[in-house]
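As written, the chain order gives the labels A, B, C and D, with residue 1 at the start of each chain.
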Amino acid sequence: MTQLVLEQALNGLQFGLMLFLLAAGLTLVFGIMDCINLAHGSLYMVGAYFVAAAAQAADSFWIGLGAGIAGAALLGLLLELSLFRQLYRRDHLSQVLATFALILIANESVRVIWGPAPLMLNPPESLAGPVEIAGFFYPAYRLVIIGVGLVVAALLYLLVAKSRVGMWVRAGAANREMTEALGINVRGLFTAVFVFGAALCALAGGLLGPLLAVQVGMGESVLILAFVVIIIGGIGSIRGALVGALIVGTVDTLGRALLPTLLRATLPADAAATLGPALASILIYLLMAAILFFKPQGLFPARA
Amino acid sequence: MADALLEVRALSRRFAAVDALQGVNFSVTAGEVHALIGPNGAGKTTFIHHVSGALRPDSGSIHFAGREATRLSMHERVRAGMARSYQITNVFTGQSALDNVALAVQGRPDAGSSFRFWRPVAAERRLFDEAVAFLEQVGLGDKAGQLAGHLSHGEQRALELAMALATKPQLLLLDEPMAGTGPEESARMVELIEHLARHVTILLVEHDMDAVFRLADRISVLVNGRLICTGLPDEVRQDAEVRRAYLGDHL
Amino acid sequence: MAFYRPARWQNAAVSVSLAMLIALPELLTALDQSYYTGFATRVLIFALAASSLNLVLGFGGMVSLGHAAFFGIGAYVAAICYDAGIHEGLLVLPLAALVAGLFALLVGAISLRTRGVYFIMITLAFAQMTYYLFISSSAWGGDDGMPIYERMQFAGFSLLADEALYYLALGVLALCMLLFARQAQARFGRTVQAIRENETRMEALGYPVFRYRLVCFALGGAVAGLAGALLANLTGMASPNLLQWTQSGTLLVMVIIGGVGYLWGGLVGAVVLLLLEEFLLAWFEHWHIALGLLLIGIVLFAPRGVAALFGKHHG
Amino acid sequence: MSIRLTALAAALMLAGSVHAADPIKVGFVSTLSGPGAGLGVDIRDGFNLGMQHLGGKLGGLPAEVLIADDQQNPDIAKQATDRFLKRDKVDFMTGIVFSNIMLAVGPAVFQNQTFYISANAGPSQYAGAQCNPFFFNVAWQNDNLHEAVGKVVQDKGFKNVMIVTPNYPGGKDAVSGFKRFYKGKTEEMYTKLGQLDYAAELAQIRAAKPDALFFFLPGGMGINFVKQFVAAGLSRDTQLFAPGFSADEDVIKAVGEPMMGMFNSSHWAHDMDNAENKRFVADFQKAYGRLPSLYASQGYDAALMMDAAVRDVKGNVADKKALQKALEAKRFKSVRGEFKFNSNHYPVQNYYLRAIGKDAQGRVTNKTMGTIFTNHADAYVAQCKMK
C-alpha cells in the first residue's frame, strides 16, 4: 500500500509539473496582459509536433527537443508581434474569438502538414525501461520528466521571485499602469513573456510526447486543465500556478487511483464501477468550483 | 436621536495597512441637509460607499429608517429609500435623458415588476410621464429627447439627480454634485439642491465650501478616517481642530 | 453600446424571409434536393441555439463558454423521454426547456458570483463537468450517446418526414425570435441591457442585478435546451459531443459572426457559418484555416458582425 | 465537420448490363482523423485495394466510392450519411469503425432501405433484438474476440486476471464477452475513453500483482498503454492478453519490440495460408508499404462482398429482396478462409490465437498459434427475430 501511494504521488508530481510548465506561461500572459489565450494549448500541440518532427529528422530526442522549443519560441514571437499585440486592449470576448480561431487554424494546419494520424515520438533508448528505486520499479523516463520539471520550476521561481526582470513581471501583473509609469518597456516585456510561455509549452509538449501521443486536438484537453490550474492558483501568480498545478496533478491522479477502490468499499460493485470513473474525471472541476466559491480570486491573487 | 433617518455606529474599515475609517459615529436627522466635508483622502467617498452598500465594513453598523441596514445590498438600500448620485457622472450615455430617468422609475418597487417580457416599455405611458416630471424638476424638461451623452456636464449632473430622485428616496446621498461644474452651473445646482431639500433629506459630500455653508443644516468633518466634529455650520467654522486640519492641509 | 432597436425595414425583411422559408421544402422537393430540407432544419436549430446564447451574451453581457451544456442537456432530455416512452413533442419540448433552464439556473447561481475571466472559466468548467458526467454514465449510453429510433410526434402529428420536423423547427424558432424581439424592448430586455452597460448604476437604481442576470442566463439555457431537443430528433440521437466545449465555442463564433447584441445576430451567424461549412467543405477540405482567418479578420476589423446591418442602435 | 473526398473509381467499359450507365455508388463513412484514424484508414485502404483488384467495378458495373471522415463523432457521421443517402443516393454504405457511431447512423440507413456492409463495427444490438435485413457484418460481433481471449486465458489456467478497458459501452461489452468464457477471479479497471496516460492504472496493477492482464483499448489508447506497461517494468510478472484489434499490425508498428510475447485473438492473420490472402497481403504491402491489419482485411472483404452480390442480381440493385438473398449467400472468397452468415447477418467463423514475435525477416509481427473456436457464432443471435 505504501508503495502504491508513493508511486501515485510520483505520478501526480510528474503530471503536476508538466501542468505547471503550461500554466506558468498562461498565467503570466493572463495576469500581466489581461489576455485570455485559448490558443495556449495549440502552442503546446505545435511545440510537440515541432519536437517530434525535429527528433525524427535529427534521429535524436534531445536535439529534437531543443530545436522544437526554439521553433515554438519563434512561432510565439511571430504570433505576439502580429496578432496578440492587437488583442491586449480588446475585450475578453474578442480575445476568446480570435484565439479560438487560432485553434482552428493550428489544428487544420497541423493536419495539412503532418496528416491526420498521430505522430509517434519515442523516448531516448536508454530511458525506455524501468529503474528500481527503493525496491520498486518506476519508468526511467518519467523520472527524467520529474527532474526536468523540478529544475525548470526552480529556475522559473528564482527568475520571477529574485531577478530584476522577474520583479518587473510581478509588478506588471499587480499593476500594469504603474509599471508603465515607472518607465519599464512593457511592450518588450509582454513579448518576452509570451515567447517564454511558448517555449515552456513546447518543452512540456516535447517531454510528454513520448508518453502520450502527438496528435491533433491534444492541446484542447490540456488547455482546460491549465486554465483550471491558474484559476485555482490565482491569475498572474507563478506561485499560484505551481501550487495549483501540483494540486490538480495530485488530485486527478489520486482520484483516479483511489476513488474506485474507496467507492467499492462503500457502494455495490456495479454502482462503484460506474460512479468511480465519472467522479474521478470531474473531481478537479468540482475542486475548482469549490475553491472559487470560497476564494473567488483563487488561492494566491496577484492583485490585492 | 430618536428621529435619526440614518445612523452609523462605530464604523471601521481597513484597506491593507491603511485605516480608511476608524470608529465613525454619524447620523442624519430626517428633513435636514447634512454635509460631510474633509480634506482629500479623508475617507469621504469610502464612507459614502459604506452607507450606500457598495462596500462592507469590518465592524460597526448602519441603521436606516429604523432598521438595521449593515448587511443589506445596494439595491435593497435603494428600495428602502436611499438613493445616491455619483462623483463621476454615471448615466447611460447611449440613451436619451428621458430613457435614463424612465429606467430609474421602472426600477422602483411601486412601478411593478421588471420581469415583463412582452409589452414594449414604449407603450408604458406612466413611466415616461413620471420621468418627464422628474426631468422638469431638475430643469431638464426641454432636454428629454436628447442623448445623455450629448448633454453638457452640468446637465448630466442634473440628470444624475433626476435619476436618483426618480427612485423616490427618503435620503439622497450626493457625492460631490458640484465636481467639475463651472460657477454658473454650480449656482444652478445649489438652487436645485435647495429646492429638493424641501422634500427629501440630503447627505451632501462636497468640496465647494460656499455651497456647503449655504446648503447645510449641519456639517460633519472627516479627517484621516476619523469624524472629528459634527455641528451647526457656525460651530464647525469655529472648531479649532477643523481649522487645524484644513489650514494645515492647505498650507 | 445602446439598447436594441429594430431597423425600420425589419418587419418587411422578416415577412419576406419567413415566406421564403415556408416555401423552401416544396422548392427543394421540386428540385429533387430534399436532402437540403434536413440541412435547412439543422440550420434553423442552430440558429435557435445561437440566438439563445445571444440573449445571454449579447443582451445580458455574460460571456459564457459553457452554453453547449444546456444545448446537450436538451438533447438528452429528448432521448430520455423517448426511452421512457414519452413521444409527444408538446410534452418533450417544454420538458427539455425546463430541465435545461433549471440546470442553467443552478450553474448561473454559482457562476454569476464571479466576474470577468473567472466567469468565463467557471461556466466552461461546469460544461466540462456535465460532459464528463454524461460520458461516464452507463444509464444514458455513456460515450455512445442515446439513440432516438423514432422521432417524437407533435400534437399527434408525425414528424417522421423531414418536412414536418422542418416546419416544427421553423415554428419554434419563429416563436422564440418573437419572444426575443418583444423582450428586447420590454422591461426585462431594457433592464438586462442596462445592466450590461453599467451594472453598478443599475444596482444603485434599486435593481436586484443578480436576479435579472440569473433569469436571463436561465432563459438562454432553456431555449438552448429546446434547440437541443429538436436537434436530437433530427439526428436521431443525443451525443455527448454536443456538450463539448468546442461546441460552446462554435455557438460563440456564430453569435459573433452574426453580431453580438443584435436581435438577429445568432440567427445570421448560424446561417452564415453552416452554409460556409456545407459548401466550402466540398471545395476546400481544410476550410477551417479559412474560417479561422475570417474570424480573426472579424475581430480586428469588423467587431460588430454581420447583423449590425439589420438592427441599429440609435445614436 | 466532415470532409468529403470524392474518389471516382474510373470505369468506362460496359459490362453486359442494362444498368451500365448508372454507376453503383458506395458511401464510405469512417474515422479518418484523430486518435482512431489508423483504424479507418486501414479499412479504407483495404476497401480501395479490393476495388482495385475488381478493376474499379462492382459486379462488373462501374462504381463510385464516396468517402467522408466522421472524426469519431456520431453527429458528424450522421450528417455525412444523410448526405450520401439522400443527396448522392448511394446503393451501399460501409466503413464505420466504432459501434456507437454505427448505432447512431444505422436507423437512417435502414429506413432508407440501403444495405450496410459493416467492415468493423458489430454492435450486439444489431446482432440481437434490433437485427435488420439491411445490416450485414463482414467482420465479427464485438464480443467475439473478447470471448476468444477469455477462452484462452481460461484454458491456460490463469487464476487472477485484471481487465483494463475504457468506461464506455464497448468496454463493458468486452468485459462481459471475456467473462463469458473465463470463469476465474477478475478485477476490472475502467479508464476514461481517450485516456493516454496510464500511470495511475499501472501503479494499481503493480500493487494488485495479477498473473494475467486483459486489456481492450482501441486505437492510440492501446498503443500508449502497452508502451507504458513495458516501460514500468510490469511485463516481467504479468502476461498480456488482448483482442486482435489491440495487437494488430498498426499497434505493433507504433510500439515495436515491447509488444513481443503478447497473446491475442483474431479471425484473420496475415500469415494465413490461402491464395486470396497471399495476394491481398502482398499487394497491400506493395501499395501502402506496410503489413495489412485485420481492419484492412475486413475492408477488402467488404468490397468483394458487394461485388459478388451485385453480380448475383445482375446489377439490378433496386430489387432489395434479391440483393439481400445474394448478400446472404456470400459467394465471395474471403481472405480469412471459409465463413458463412448467421441468420442475424453476422459471421459464423473460426477464431485463432496469435502471438507476437519476430518473423523470418526479423520483423515484429503476429504469428498464428492455433485455433480457439471453430465455427463460432455470437451470443445474441437467438434474440434476432429476422426470418
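One rule holds in what follows: a contact is a pair of C-beta atoms (placed from the backbone, for glycine too) under 8 Å apart; a residue touches a chain by one contact, two chains touch by 3 or more.
Small disclaimer: the values here were computed from a predicted structure and weren't measured.
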Chains in simultaneous contact with chain A and chain D: C
Chain-contact steps, minimal, separating chain D from chain C: 1
Reference chain D; chain at largest CA-centroid distance: B
Central chain (by mean CA position): C
Whole-Å gap separating chain A and chain B, where each centre is the average of the chain's CA atoms: 49
Inter-chain centre distance, chain A versus chain C - centres from mean C-alpha coordinates, in Å: 32
Distance from the mean Cα position of chain C to that of chain B, given in whole angstrom: 43
Centroid distance [mean C-alpha coordinates] between chain D and chain B, Å: 76
Two or more partner chains touched - positions in chain D: 167, 192
Touching two or more other chains - residues of chain C: 132, 135-136, 138, 288
Chains that touch, pairwise: A-C, A-D, B-C, C-D
Chain D - residues contacting chain A, complex: 32-35, 37-38, 41, 69, 167, 188-192, 196-197, 199-201, 203-204, 206-207, 220, 223-224, 228, 230-234, 254
Chain C - residues contacting chain D, complex: 33-36, 38, 42, 132, 135-136, 138, 141-145, 147, 149, 235-237, 239, 241-242, 277, 281-282, 285, 287-288
Residues of chain A touching chain C in the complex: 30, 36, 38, 83, 86-87, 90, 92-94, 96-98, 100-105, 107-109, 111-112, 220, 224, 227-228, 231, 235, 274, 277-278, 281-282, 285-286, 288-289, 292-293, 296-297
Residues of chain C defined as touching chain A within the complex: 57, 63, 65, 110, 113-114, 116-118, 120-122, 124-126, 128-129, 132-133, 135-138, 245-246, 249, 252-253, 256, 260, 286, 288-289, 291-296, 298-300, 303
Sites on chain D touched by chain C in the complex: 1-5, 73-75, 78-79, 82-83, 86-87, 99-100, 103-104, 107-108, 166-170, 172, 192-193
